[in-house]
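First chain A sits with chain B, and in the next complex the same chain sits with chain C.
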Partner chain A sequence: MKRLLSFTLGFLAAIGGFLDVGDLVANSVSGARFGMSLAWAVPVGVVGVMLFTEMSTRVTVVTGRSTFDLVRERLGARAGLVNLLACYLATLLTLAANIGGIALALELASSIHYLLWVPVAAFLSWFVIWRVPFQGMERTYGLLGVALIVFSVAVWRLGPDWGALLDSATSFAPPPTEPWPTWWFYAVLVLGAAMTPYTVLFFSSSAVEEGWTAEDLREARTNIFIGFPFGGFLALSIMACAAILLHPAGVNVHELDQVALPAAVALGKVGLILAVIGFFASTFGASLEVGLAAGYSIAQYFGWTWGKTTAPVRAARFHTVTLLGFVAATALILTTVDPIKVTEVSVILSATTLPLTYLPVLVVANDRGYLGSLVNGRATNILASLYLVFMLALALAAIPLLVFTKGGQ
Partner chain B sequence: MGTGLFVADLAEADRAPGVYLDVTATHAEERARSIAASFASLHPPGPASDELRAQLVPLASDAVEELASLRIAVRRGDTAAVRDAERGLRAAADGLGSVRGSTV
Partner chain C sequence: MEEQTPFRIGFVVLDRQIIDGDGRPAGKVDDVELTWEEGGGPPVMSALLTDSAALGPRISGRAGRLWRSAMRRLRPSVSEPARIAVEDVAAFSPSTRLTTAAPEQANLAEAWLRDHVIGRIPGARRGDDAGE
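Coming up: the complex of A and B.
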């Protein structure tokens, strides 16, 4: 019974913890502007992140080593450094975006300007990393994040024309008034939001920290293969809400408050409160994961002692780098740069670094010397190779699309 | 302006907390003010654009004023004033829509 409860909690946490500010913004902005025509990007992204997260978790469970440790070994110190810098920059921007997201959620609940909440949000995140045990940390925000299911209920309550919604979802083309490059830019945004590199980094590092064994791998796989698709379902619900309510009204989404509008229209105060709780939980949880991922990547590359559960006196450099990540991200948001723009840029930058993170994972997952009987199967390799080609195309297209469309204007 | 209309509907029906309506109305007003100021500062590319500019600048200004009225009404919890602001917003939206229709 206790094990079932633990499993259920972990599973729900995987659903609630799947989304971050990038998913909230990318799916709502896309739905409001393009209807459901970018819905395909969500399952494509979810399958990609499932595939590589499972792979990296399997590698970690068998080898007891984390992603960047193996990246450095496989790519060599110089190429590994380029990889590290690109991933660290993307992770730092993602951290800034999520700290901004927490502050915006708190602004919605208090009407106090978000800039005043930014230092509070950053300090709270760092403090939780510093003091709260791993499992309690993950499960609290993961379970609260399930509140975002309010968007699925809102879709039903808004009473859409399901046929028209399905037509839009299967159109694979922008509405007649929108240009193709802008549509592709937002496709990269939705895909990049689902496949953030920090997810892989955090999952594999926490597997090392918590000493996962082959038995834990089964539970992790269930969370990944069932929890992540449910998380993707929440992302689709957010997109559908915007497509049903905001798209016909010609409302373009620029703020987090607009993301919550469908929940308020469909379900009133209760819906809105749940949406804001969900925003807070998902951005707060993501800031913990991203903050740790930033510290993990540096410490693992340089071979320092690392670990959230390792006493600061034994892992001083790791804890200092993690703290400095929070300071830098907070400083960026306090420059008054628009947090939603930071979110969009961070997701695009993350998309450009995806092959750098995923390629070494695929290489190691094919090494029978490391993995033994848990080495990748043929089907996994074919699918992963197709994804790598796709991600390379995304990575090459992301920055030109960002520049050409002036950030999706 | 669409966001402002949703805020007005929610405020009239008492379907959202005041703090949320306040933040959302404030952001909508700030965005509209920024867009109106950006458009007003643009130099018309030719005499043919002067007429369009002459139509759009006052309409955009009206829209900003109505959003400001909505923000004030929402903060005061004044439902009658919210209704007035909503009417003004719809008029401004119709005006902007007709200009858009005539230029397409």
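Coming up: the complex of A and C.
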């Protein structure tokens, strides 16, 4: 029974860990503009993130070596530093986006302007990292994040024309009124939101935080292989809600309350409340994970003691860097930039840094000197190599698409 | 005769995690010190350098110079990077394990931040495990 409970909690945490403000925005925006024609990007992204998260968790659990430790060892000081800076920048923007997301969710709940909530949101996230034990932290937001299932119920309650939805989902082309480059821009957005590098970094580092060993690998895999697809299912539900309700009405999603609108229309007040709880939990959870991931990456590169589970006085540099990350991200959001725009840019930037984190993971996962019999199988390698080529193409296309489509206008 | 595999400093030593005698992380091998023995002969690796300042020369070009000058300004009193004699190393790979404690100098930043920043925030002494 205890095992079952721990398993359930673990995979719930994986759902909550999968969804962040990037997923909420990307899926809703693209549903509203392109119907279900970008639905393919969600499963493609989920498989990619599962593949590489499992790989890096396996490497970390078996060798006790963390991701950026290996990045530096394999790439050397210089290329490793470039890699670190690019990833850190993307992670910091993602943190800013999620702090903005928490503040917007709190604005939805309270009608108090989000800028007033930003310092509160940032302080709360940092405080939870400072004081709340790791497992409790992970499980609480994971559990609350499941409130987003309200979007799946809403799809069903809205009573859509399932045939038309399926047609749209299998068309692999933008609606006639939309140009291809814009469609591809949003495809990168949905893919990038699903495959954010911080997920890989956080998940593998949390394996160390929770003291997992090779025996726990099965549980870790189950969490990833059940939790992430379920998170993807919720992401698809959000997209479908927008496709059913907002797309025919020609609504363009610019605000978080528009993302929640379908839940409110389909299920009334209860729907809205659940959506807001889900938004809060997923953005809050993400800001904890991203904030920690930012600290992990730097500490692992320089070889400092890191970890949320050790007393902060024993990991002073790690905690200082984490704290500074929160300060910088909060400052960025307080400049009154649009948090939704920050979210989109952070996802695009994450997409360009994907191959940087994923390539060293793939290389080490094939090293028998480290992993013995637990190295990648042939099927995993073929699939992972295909993904790496695909992600390289995404990375190269992301910034040009951002500029060319003027941020998807 | 036993075949000697070449010992590649770039692969086996540089950029590896250092673990001190107590099993705690103590930075990375940021550079190595080579010594030429008297009377000629090839250089010998005599020490590991661990210090973010030692990273400067390894990042070439403008970025490296920027790094070096920033490090000099941050800590004018310390001119040399922390040094670990090769004799204190128990194993190089996969991590560099030391038989001794890490040199004091490698922990300057950690100690300063602990005493002046992190240690002053309430609750800094408590970890996840009770009793810490």
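Going forward, the second predicted complex is superposed on the first by the 409 of 409 C-alpha atoms of A that agree within 3 Å, B and C clash if a C-alpha of one lies under 4 Å from a C-alpha of the other, contacts with A are read in each partner's own complex, and residues count from 1 in each chain.
Operating definition for what follows: contacts are C-beta pairs under 8 Å (C-beta built on N, C-alpha and C of every residue); 3 or more make two chains touch, one makes a residue touch a chain.
As the structure is a computational prediction, the values presented were derived from the model and not from experiment.
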Label the relationship between chain B and chain C on chain A in the superposed model as either fit or clash. fit
In the superposed arrangement, does A:A249 touch chain B (first), chain C (second), both or neither? first
First (chain B), second (chain C), both or neither: which does A:G377 touch? neither
Just checking: does A:G159 make contact with chain B only, chain C only, both, or neither of them? Give me first, second, both or neither. neither
Which partner, chain B or chain C, touches the larger number of chain A residues? C
In the superposed arrangement, which partner chain does A:P176 touch: chain B (first), chain C (second), both, or neither? neither
For the overlay built on chain A, what is the smallest gap between any CA atom of chain B and any CA atom of chain C, in Å? 36
So which positions on chain A get touched by both chain B and chain C? none
Can you tell me which positions in chain A touch chain C when the two form their complex? 63, 65, 69, 72-73, 76-78, 80-81, 130-131, 133-134, 301-306, 308-314, 316-317, 319-320, 369-370
Of chain B, residues touching chain A in the complex: 2-3, 5-6, 9-10, 13, 15-17, 19-20, 22-24, 27, 31
Contact residues on chain A for chain B in the complex? 107-111, 246, 249-251, 254-255, 257-258, 260-261, 264-265, 268-269, 272-273, 276
Partner chain A, residues of chain C touching it in the complex: 10, 14-18, 24-28, 30, 50, 52, 55, 58-60, 94-95, 109-111, 113-114, 117-119, 121, 123-129, 132
